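As written, the chain order gives the labels A, B, C and D, with residue 1 at the start of each chain.
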Amino acid sequence: MTPTPRPAATQRSNDTRHNRAGLARHYTAVRERSRALAAPLSPEDCQAQSMPDASPVKWHLAHVTWFFETFVLERFEPGFKPFDPAFRVLFNSYYQGVGDRFSRPQRGLLTRPDLATVWQWREQVDARIARLIEHTHSEEALRLIDLGLHHEQQHQELLLTDVKHLLSINPLRPAYRRHWPLVPVVAVDPRWIEQAGGLVEVGHAGEGFAFDNELPRHRQWLEPYSLMNRLVTNGEWWAFVQDGGYTDPRWWLAAGWDWVCAQNLRAPMYWTLPTETGAMPSVFTLHGEVGLDPHTPVAHISHFEADAFAHWASATHREWAGARLPTEAEWEAAAAPLVVQGNLQESHALHPLPARAAGEGLMQVYGDVWEWTSSSYAAYPGYRPAEGAVGEYNGKFMVNQYVLRGGSCATPTSHLRASYRNFFPTDARWQFSGLRLAR
Amino acid sequence: MTPTPRPAATQRSNDTRHNRAGLARHYTAVRERSRALAAPLSPEDCQAQSMPDASPVKWHLAHVTWFFETFVLERFEPGFKPFDPAFRVLFNSYYQGVGDRFSRPQRGLLTRPDLATVWQWREQVDARIARLIEHTHSEEALRLIDLGLHHEQQHQELLLTDVKHLLSINPLRPAYRRHWPLVPVVAVDPRWIEQAGGLVEVGHAGEGFAFDNELPRHRQWLEPYSLMNRLVTNGEWWAFVQDGGYTDPRWWLAAGWDWVCAQNLRAPMYWTLPTETGAMPSVFTLHGEVGLDPHTPVAHISHFEADAFAHWASATHREWAGARLPTEAEWEAAAAPLVVQGNLQESHALHPLPARAAGEGLMQVYGDVWEWTSSSYAAYPGYRPAEGAVGEYNGKFMVNQYVLRGGSCATPTSHLRASYRNFFPTDARWQFSGLRLAR
Amino acid sequence: MTPTPRPAATQRSNDTRHNRAGLARHYTAVRERSRALAAPLSPEDCQAQSMPDASPVKWHLAHVTWFFETFVLERFEPGFKPFDPAFRVLFNSYYQGVGDRFSRPQRGLLTRPDLATVWQWREQVDARIARLIEHTHSEEALRLIDLGLHHEQQHQELLLTDVKHLLSINPLRPAYRRHWPLVPVVAVDPRWIEQAGGLVEVGHAGEGFAFDNELPRHRQWLEPYSLMNRLVTNGEWWAFVQDGGYTDPRWWLAAGWDWVCAQNLRAPMYWTLPTETGAMPSVFTLHGEVGLDPHTPVAHISHFEADAFAHWASATHREWAGARLPTEAEWEAAAAPLVVQGNLQESHALHPLPARAAGEGLMQVYGDVWEWTSSSYAAYPGYRPAEGAVGEYNGKFMVNQYVLRGGSCATPTSHLRASYRNFFPTDARWQFSGLRLAR
Amino acid sequence: MTPTPRPAATQRSNDTRHNRAGLARHYTAVRERSRALAAPLSPEDCQAQSMPDASPVKWHLAHVTWFFETFVLERFEPGFKPFDPAFRVLFNSYYQGVGDRFSRPQRGLLTRPDLATVWQWREQVDARIARLIEHTHSEEALRLIDLGLHHEQQHQELLLTDVKHLLSINPLRPAYRRHWPLVPVVAVDPRWIEQAGGLVEVGHAGEGFAFDNELPRHRQWLEPYSLMNRLVTNGEWWAFVQDGGYTDPRWWLAAGWDWVCAQNLRAPMYWTLPTETGAMPSVFTLHGEVGLDPHTPVAHISHFEADAFAHWASATHREWAGARLPTEAEWEAAAAPLVVQGNLQESHALHPLPARAAGEGLMQVYGDVWEWTSSSYAAYPGYRPAEGAVGEYNGKFMVNQYVLRGGSCATPTSHLRASYRNFFPTDARWQFSGLRLAR
């Protein structure tokens, strides 16, 4: 679970994918992974949209295919002819440069095409992309295919979190997959790990793939700081709940307090609080409803909740005095030397797992839950969005969102980097989002 | 198309259904009809809910089965055991007396049970109801089965109007069934048919089935009045649109004007106005998108629109001076002598049809479109709701809704009567709703 | 308090007002009454608007003056010149025929003109109307002045109910006027008074003033019915509250139940429920906060609440079996023979008062509280709105509202008639609205 | 207009105010200034609240007095007795530590106490504070009085912007004060001024007054950058409007585009676009409606609009390539050497004024309009909120807001510093907010 320093020799080289055979293999693997994630679901499960922020599984499967057809095949395939011209509008997410798009909150109403047709579309596009990889003379086409695969990996994570939200609404409490991954562990005590700070460099370095928002690499000045060795746990969060954390405005930002009151919240998403004193909450997971495990990292909290917890922790526990969220630069500076490994999508746990007492350093840096930072999502100095419609990928969301780092149990390993920036509004909590304290 | 006076000897006797064999046959026929209506639809089509007022097809199919299991089998079947105890909550529509129910606007999110399971449920319940019809000693059980069939017929109409709404949102403009029923006709001129009025009796008479809201039969005083021989047509409505009908507050009730402005409406639901002058609108139907036929009755208008049209017609056409909506008593007094026949669900047109010049009397009284009346939906003097939870069927909706009469192209013939009262809020227009002028 | 049969000889003849001197006296009296009602209020009190349904006192004072300037002086005054041309838009309420109007929910933001200017406007218009009454040759002008006075009387009642709402929001719980009118009384037991029904005539008769919505007088058939001798009291309502009336869906219309749940209501408007068991509620009045008097008629209930109370009363009290709201025809047929007298605005109580045991017949028919009926507000058969913009006065509100009868403690006596129809939506309760049971 | 380098010797020493006589004089001056700002307004003007974000003038006058009574007198005055105990709740803005508060959007409904009473309260508190300044032994009391004066100065600016919003809603377009300050000027061409960047220090230094959010002073690394010599003008903005800036999604952040579409915006707040081509917009000011002056800095733009303008400018003007909003550190590093002078509240212009060609350096740094930065409002490293309820002053708003710098024509000069941080949500535009480009 504990990432260890990464020798330069083992560094995964993304650019080998621009080697055609490697890219073709990676393409097949990522696309197959999407199919595997959808396998446990019925056509009905793939149709429904449980909230405007979420999308139907069928829409995810179609949209990532739309990306390849619209941004790659349309420009680079000789004699391009779309599978169905209407899909260009139906499955555009938000790219204004592409033209019209279908209303986002109504995606669950697109019962045509049906799921079977979407699978046919995917197969046809896969064959055409395979031919393109083999024959194209365009480096840009290959780069855009690589971008499309990272795009599809993002949607794999969303597919899982969206379907979790959908299933949670059903009073039958159905499981996505019953395979409960938890085993008994020895609790790991929280401990501060000191970091030197100073003039550090952040942002993507090297030749591998990176999104435009990770560039350019640049300098930042950091005062010395500490990070907690592991993530905040359910048990620690339950103490916060029992101490009246959700009903005491002292711990909350003003906007957070308004949000908690308006939504009448008392716990993280997916928790069901016990009706009897002394009992523990239960929690909805992709494996169905289970009892809350105190050593597991807390998940499905908003930025508001993460910030409130830090204020509470700082004020009520002497050993946590000064606790706060880390900045994204603090997180990245500490994570940069570590190998990307942990409880990621490939572990098939589909749930965060407790830290295990296996070392002195930072644990759970990659995987388990995305870690909220105090950094608002903004352009790095000198940032330039990509050319064309794909330039709308990242830059236009750089306001009123906050950065999360480190990936989760739903993130594919090959998708992550130390410089990877995820971002969500301060009230979002249907992602696998948690926190690590800093001070 | 023209209803003709109904000789007493041919009066359909609903009570023969209480004859067990007849009831069993009727049960089979109604249930089979629901299956036939769902046949053209995929599991995805049956899953989605396009607005809070509408329900998914799968939910309709399950809810009408829930009615039989909850109100009949649970009380009268020896050794009753539900197909799945959770369905009691999942598929309760609004019966507080039954207990909890699932949130109405989220019905489209119930991806479990899937459609196949709902069909299994239906088959199991059908077998159990067949046994009950054969063996029960309870007259009430038989009466409740008959009520359940009328209930299912109501949902058949809703199934069609709800799926029409769902398909209309899809930019692919898919058809429910391609079988366009229109043939050229000779236009029927509008003509006033005088009615005597006086002290009339309204409400259900005789022994056949009726809902509690049609009772008791009682006296009302009517001044002499006239009804138009046929329904208002698309052509007449198009003249209203072209005359600025939707932008002139003179014609509208204050609440109607607020509604038109807030929704920015310019035409009935499902119309697409032409972008070129001189062109005609197109209209979405269960058979896909077609050109507007001027002789076909206008459909999918709200009470507000019907009322505005009558004000406009009265003020702008000498021969329509004094035009208004009829009261429900005026409608019923005129319709009572006529046989229930017309363009109803059994014609398979699934769309209103033009009047044909075949007589002197009232045409299109039954079928084609529900006719808005000026009567708010209220209890008849001496009204008593049915006992138990089924007493919630009608009475508790008797406020802020207006009565429609006469059935539509989606209404089963055996479901209608002269005394039948349909009702919707003044802004509802996804039903096959139109109007006949009175004065 | 008990209205007694009205001898024909004492009938107030409204048409004497068309006698110029009488009209001039009446004009002065009504206008002076508005001034007196505003006297206890500061410029700040007259400025604020506490909800979109209410208007600022200053706006009321200006709007009724606008009515005289726009509908009378503009048409009939030689050499007409408005006090300020901008006021034509600022103080138009809803008359589309007059042109633009200022946004209703923002009336409280019109700090200019200030209150002093509005008073100047009123004085100037009063002088000009006085001259017009003396010199005009137009009967229509005199009739419109009479209409304007009835219009102003309606706004006097609204002024009182709107300022009550405004003051109730202030935690200081300020009084409009401290002059508590209640004296100890002997409780009057509820008793049913039978009414014959049959073919009755309703609507305005005779030559006096009436609004267009009271016409034409027409026949209705009524089955025999009974009315309660007095209004429902606070004590009876408190029993309903204590019996869980606001938390039991059985008593409520579906729309009413949705409303109660959405608003989280537990009692009539202006009640503060006690926090200790055994204690009584307190209630906010125009005289400040007072303890709830059990013999006083309940006030500030919506149509939904009135209907729910009737269902509860019918089901839980044998002597109230069959209780329901009266229809407006039932109310009018019973009230027609009675003189208009009671606890009206002229009593200066500004609060409903308990019935006093002074007779066998119907008590509290006029005054105290408006009585909700089960009748939706609709046009009488043959109804014709007035010509011109004043035709928008009544007819365009004839949908989704319900009729109240009998006036309240805020209604001027000369404003009322047996045929008078007040109307509000089913959730309105800031008026002095109560109920009398029928069966 | 052009700030010039500030010799250390002339630095205003805030701490001389802790010299009692100085503080007493400053107290009198600030309080008197509030009175002067309210002088042109009627009791009605002071009562109304035009939107939830704004407050009535009366409320501002009361709330700043509440601050002194609650945070100073209640703790430090011997034998403290409040003017009216109810005011503690009525005029609390958001301090949870103080207890209850009155609902913010309803402040305009507090017609009691009236304006005269609030003035009496102010006078009484002024006398008590004067005694306290003379006699107290508490340094903290003096510091809190100083804080209260800065607090009052903030509310003076809000008073002006709130009353501007209120008056703008009135179709009479009333002026706050008619004294139009504009004189003809020679246009100043835009020019980039280069800044060195590097490891700079930001945050308050020295002994004078500062808010807690300006502390601690800390290091930041800045890449080299340039700032525009003057603010963006109305003329430049009008070019943006005419080029379709508000209807082209390319220029907008996704959230900004949603906001523009939802609000259907086409220009800055208070602009009225011309209906004829070739004509210029008019604009509402505190002096009434005037024609748009092209050389005046644009005002009343949101962060979304500022950001969109920068994108447009960068893409369409070669000399503006790379234009963006400055960070707050970039702004502060450039402003730090300059004296605080410019078109501030003391100029009595109450409107931004054109730059005048008077030097080579940065113009309009202080005053005219607040300058939006790209920096989200966040805690400085090592930030500690003040102790007690005044600790709620700043820290709890540090999310989802963006920083503005430099003050406006409504800001008192003695209130400003280079390190001063103003902050508003990205859609706020009723402040005097504009922008200066960076790259």
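Definition applied: a contact is a pair of C-beta atoms (placed from the backbone, for glycine too) under 8 Å apart; a residue touches a chain by one contact, two chains touch by 3 or more.
Computed from a predicted structure; not experimentally measured.
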item: Third chains touching both chain D and chain A; value: none
item: Reference interface A-D: repeating pair among B-C, A-B or C-D with over half of contacts shared; value: B-C
item: Where chain A and chain B are represented by their mean Cα positions, the distance between them in whole Å; value: 48
item: Whole-Å gap separating chain B and chain C, where each centre is the average of the chain's CA atoms; value: 38
item: Approximate Å spacing (C-alpha centroids) for the pair chain A, chain C; value: 60
item: Multi-partner residues of chain A (each touching 2 or more other chains); value: none
item: Chain-level touch network, classified as line, ring, star, complete or other; value: ring
item: Contacting residues of chain B [partner chain C, same complex]; value: 94, 96-97, 199, 218-221, 223, 249-250, 252-257, 303-304, 307, 324, 374-376, 378-379, 381-382, 396-400, 402, 426
item: Contact set on chain D toward chain C in their complex; value: 42-48, 50, 58, 86, 89-90, 102, 106, 108-115, 166-167, 169-172, 174
